[in-house]
Amino acid sequence: MIRLLARWLVNSIMLLLVVSGLTFVLVSLAPGDAARTILGQRGTQEQYLALREQLGLDQPLPVRYWDWLRGVLRGDMGESMFSHDPVSRLVADRIGVTIWLVVGALLVIAVVGVALGMASARLKGAIGRCLDALSMVGVSIPNFWFGLVLVTLLSVKLRLFPVTGYVYPAESVSGWLRSLALPVVTLAIGGIAVIAKQARDAISTQLDQEYVLALRGQGISERSIVYRHVLKNAAVPLTTVLGLMLIGLFSGTVLVESIFALPGLGGLVVGATTQHDIPVVEGVALVFALMVVTTNLVVDLLYHVVNPRIRTP
Amino acid sequence: MTVSEPLVRVEELTVDYPRGRRLPPLRALDRVSVTISQGETLGLVGESGSGKSTLGDAILGFAPAVAGAVYYRGEEILHARPKRRRELTRQIQVIFQNPYGSLNPAKTIGETLAEPLRFHRLAGAAAAREKVAEWLELVGMAPEAMKLYPSEFSGGQRQRIAIARALILEPELVVCDEVVSALDLSVQAQILNLLTSLKERLGVTYLFITHDMAVVEYMSDRIAVLHRGGVVEQGEASRIAANPADPYTQALIAAAPVPDPAVQRQRRRPTRPEPTTRN
Amino acid sequence: MRSVRAFFRQPVAATAFAVAAAIILASVFANVVAPHDPLAQDLRSANALPGAEHWLGADTLGRDICSRLLYGGRITLTGALIAVAVFVALGVPAGLLAGYRRGLFDLVASRVVEVMFAIPVMIIVMVVVSVFSSGVTASMLTIGILGSGSLFRVVRGQTMAAAQELYVKAARSEGLRARSILRRHILPNIWGPVIVQTTLFSAGAILTESGLAFLGFSVQPPAPSWGSMIGEASRYISAHPWQLIPPGVLIGVIVMCLGLIGDGVRDAVSRTDTVRRPGRRAGSRRRGQAGRPAAPAVPAAPAALSRPGAASPDAASRTPASTGAGADPQPDAILSVRGLTVAFGRADSQTVVVQDVSFDVGPGESVGVVGESGSGKTVVARSVIGLLGRGGRVISGQVFFDGQELTALPPAALAKIRGRDIALIPQEPTTTLDPAFTIGKQIAEVVRRHDRRPRAEVRARVIELLSLVGLAEPETLVGRYPHELSGGMAQRVGIALALAGRPRLLIADEPTTALDVTVQQQILDLLRDLQDRLGMAILVVTHDWGVLADLTERAGVMYAGQVVESAPIEDLYHRPLSPYTRALIAANPHNATKGEPLPSIPGQVLAPADWPIGCHFAPRCALATPECSAGPVELRPAEPGHSVRCLHSASAVV
């Protein structure tokens, strides 16, 4: 356990440094700098130099990185170049939406994906092939397009869900659920297909193991074999895949939040990217890295629970 | 080479397999000394973990030796330079246990068998083909087999091909690592007979590694018994089989049930053994 | 190349390849193929639906959607190509180096990749786009770099696995240099997985590029790309939903084609590379020419007749059950098997693997089934308790347990018998236990299944069972996981599990094959001891005549799906009547005279599909005559308690 936490800590610090360092280096490589961007074409050379000094841009890169890092550790991630809002407040206002979206999608993926995979593994023949074909379609269609099709059909034509926008749970829980339903499904669609396939393979593999034969030979009921023994063993590889998928879901929020105009981090970063609002982009990148680090810890702990083989080396 | 110098002399060989940073290395062989004379078959017998395969690997240059020496015709080869090691492969060859893994599935039998000839520049394309055909016949296969892939053959047939590959360079020493363990009794007899007839024909020396006491007794002139990385006993095969001196060898021979029911009934230990914790 | 042919022989994969190639070529030659200028506005046909003028309709500015898709493909596919090029250029060399050389480079590279996996790609792409606003190149380079970790892992893993292969070890012992080994033995085995990964990644790259273009981070309007066309269409979804369809479907189709190509390559490679066990199609067909010439005994029987299962399942199974006991179960037997015939495969193309097997096991008796691989002995053992697995079924014959016909029971009723009346000890002790549960939990579940009792009593019974099989310190053992046990301990736990329901018959399928000889001895002793104490019957399936001699009183010898001889083991060993039994005993090195060749059986066991209609052993038998192949040979009693399936058994006794 100690070893696991230590390893996680080392990996996390590495990841945070890599993401923030990479961001910083990339920004410094940009043609033109923030001072030029803020002043635009009008500023004089004196104004430009003064602003550079004021922003600390005349310092060498490592020094600037260190200053930024120190700020981050104090909770200060700088401010937006345009609205001048502190990045930390922009992030704090929006992180909830993104977390709900990702957690919702993950739950849907895990439940629906594993159920489909189980069905496909146990029902061979036509139903299994049908599920395989569906899963193939599921991974292939672009999820943002699928989201738009859902909006067209369910929101615009049938008016079952709001077209866009977000209702905070404090306002109305049912409204909140309705506003999240389509974004969650859109974000989850590819993942469901991937997990269904992985779960099918994992469950089929487990069903072919000798211990399943032995359990049957001992008279254990088929229900216990499938839902107790097989599922627990299949959970070992699935946990790893779900962990990696979670990182992909964070990426996915960028598109999904834009389609549904959700006030989350993904939407924030798209807007900031369009405006080249670099402090905001940097801040959001760091927060995404932090979320990844946290989920990695959860996944590691979960893996520890489902796989006794790593508990006792 | 002096008259008294054996073909292979292993002296005080110690092999450690690293097991990562957190565990101490695994000592697979601990100061093992054996000799193999030219033309004989030395049987190496032991259970899993005894180090018998590691000894074969060490002679082939595959094992991480930490101490000791291996002499081939008086020349120390454990620390031979890579170039010399490659030359030695003409003299020292190997046949493995698993006939399914030892042939590259992506290459035809002809390509696999010609590879050593081409590599050592012993034959051009045409001559190599001729030689491969000749060897396939020698091991009891039709020459047409060279156009086929390993997946088209049974375990016994693959083992014949593996034997042809090892012997096509006409080496002096062949390490036979559990070559019949994966085979059925009737096919095992075919392969053992093939090995014996090739030995008579070519005068090759075998290091015959197995866990099966009956097989090793039948095949070997001398036997070395390994247990937990050390040689517990070595000597004439018939003497060891009939009259083992070491308690472990005695236990090993007593443990293997014999096929004759009347004899086996005599050998059975009284039932109700005392509890064991670890095997 | 075999694999290339194997790929195009798959209709789905070949179609996917053709469709993807057509889309790519049409985009490359868009200037030739496209019916309209992609930028030409024609307000008269604004928002037109598909028709003769605009095959896929026109957008809000009246631009032809089909032409825009073709030109747009250039942007999207170029972007994907950039990402894929980086992906391969980084992943393959780094993976090869790390996998083959290992050492420091591997350590560092693997850690770097581990971190790369944790980076949310889209976010870094956002950073890149916000910094370098120009076009798709920078973002697709980033995607290629960040994605290459997955290819690195695959190549590294494959290289490491290939480097462990015996044929690579053999190549090293042939004296090949590292460079030649990489080129000749390792690379040919990794290109399949590399292509699979690359097609999957290119599908992902197309999706990502479209997503970025949808958000407006790609080409500037009015130039089209697939993603930006979806973006434009999304503004008019309530009025003109059609415009959403063509670009989305096109992306879906090409991505799906790439996925199917990847699957096709994987199947083609595994089909050509996987090891076919003896007795599969090609092996048995070519055996006649390539292998040692089989005895030329099989007369020209019509092909259909030589495949009893395929042509006429009944012909094979109609042979009367012929132990002399007739079709009725022996009254005092606990287990009676009568004329058991088992087939695998679909009903229209089934293969019979066990034919007309009959035997009895008395209460408390030990009976053996001995045979080589492919003889069907394990299938017999499993069909007794209805555990044949997928595709296997009893097509005729009966199994009686204690007078009850098991073969007539519904699966649920049979499941009740298993564990309680008949229990199974499978072959491989370490894989027989569920790795995810402790020993205690596994045994407790079986105990509870067979008699419901309070918790404390279940625990006491678990401890009792563990002590019964000679395991010391059962109290600590209950908390252990299977991977913490040695093979011998695991097999003892396996036996404890089998004993939990107090069965009257124990079926032991090669119970000691996976064990070292000294551990085997302990397990054999334990089984005999348990039988003395508990009085249950044992059916032992084995290839080892020593195990047979140690454990059993009577045994049947199986060859190619049939019992060829059955007798008390003393008779079987000392006075075998079947030429096969005789040859098999003679081939045993225990009986060999040093310096003399071992008597061996020429040829090999035929695959079930190739079994002759007559005596199955005839093609390899020294005594075979034309009558042997003329028709089915029956198992007949030769003397009391001793049956044989041979026309020449009289001349076999020497």
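Descriptive notes on the structure:
Residue numbering begins at 1 within each chain, and the chains themselves are lettered A, B and C in the order written.
As a convention for this text, contacts are C-beta pairs under 8 Å (C-beta built on N, C-alpha and C of every residue); 3 or more make two chains touch, one makes a residue touch a chain.
Since the structure is predicted, the reported quantities are computational estimates derived from the model, not experimental observations.
The touch graph of these protein chains is an open line.
Taking the mean of C-alpha positions as each chain's centre, the chain lying farthest from the centre of chain B is A. A separation of 35 Å divides the Cα centre of chain A from that of chain C.
One finds 54 Å separating the Cα centroids of chain A and chain B.
Centre-to-centre, using mean CA coordinates, chain B is 30 Å away from chain C. Contact residues of chain C toward chain A in the complex are 111, 114-115, 117-124, 126-133, 203, 207, 210-211, 214-217, 227, 230, 233-234, 237-238, 241, 244, 247-248, 251-253, 255-256, 259-260, 382, 385, 387, 389-390, 415-420, 423-424, 426-428, 431-438, 445-446, 449-450, 481, 483-484, 494, 497-498, 500-501, 507.
Remark: chain A residues 11, 14-15, 18-19, 22-23, 26-27, 29-31, 124, 136-137, 139-142, 144-146, 148-149, 151-152, 156, 209-211, 213-222, 224, 228-229, 232-233, 236, 244, 247-248, 250-252, 254-255, 258-259, 269-270, 272-274, 276-278, 281-282, 284-285, 288-289, 292-293, 296, 306-309, 312 touch chain C in the complex. Those residues of chain C whose C-beta lies close enough to touch chain B in the complex are 2, 165-167, 169-177, 180, 184-185, 188-189, 272-279, 282-283, 286-287, 289-293, 372-373, 467, 470-473, 486-489, 516-522, 524-526, 528-529, 532, 543-550, 569-570, 573-574, 583-585, 587-592, 594, 597-602, 604-605. Residues 47-48, 60, 62, 85-90, 92-94, 96, 98, 100-107, 112, 115-116, 119-120, 140-142, 144-145, 148-157, 162, 165, 169, 184-190, 192-193, 196-197, 211-215, 217-218, 237-238, 251-252, 254-265, 268-269, 271-279 of chain B are the ones touching chain C in the complex.
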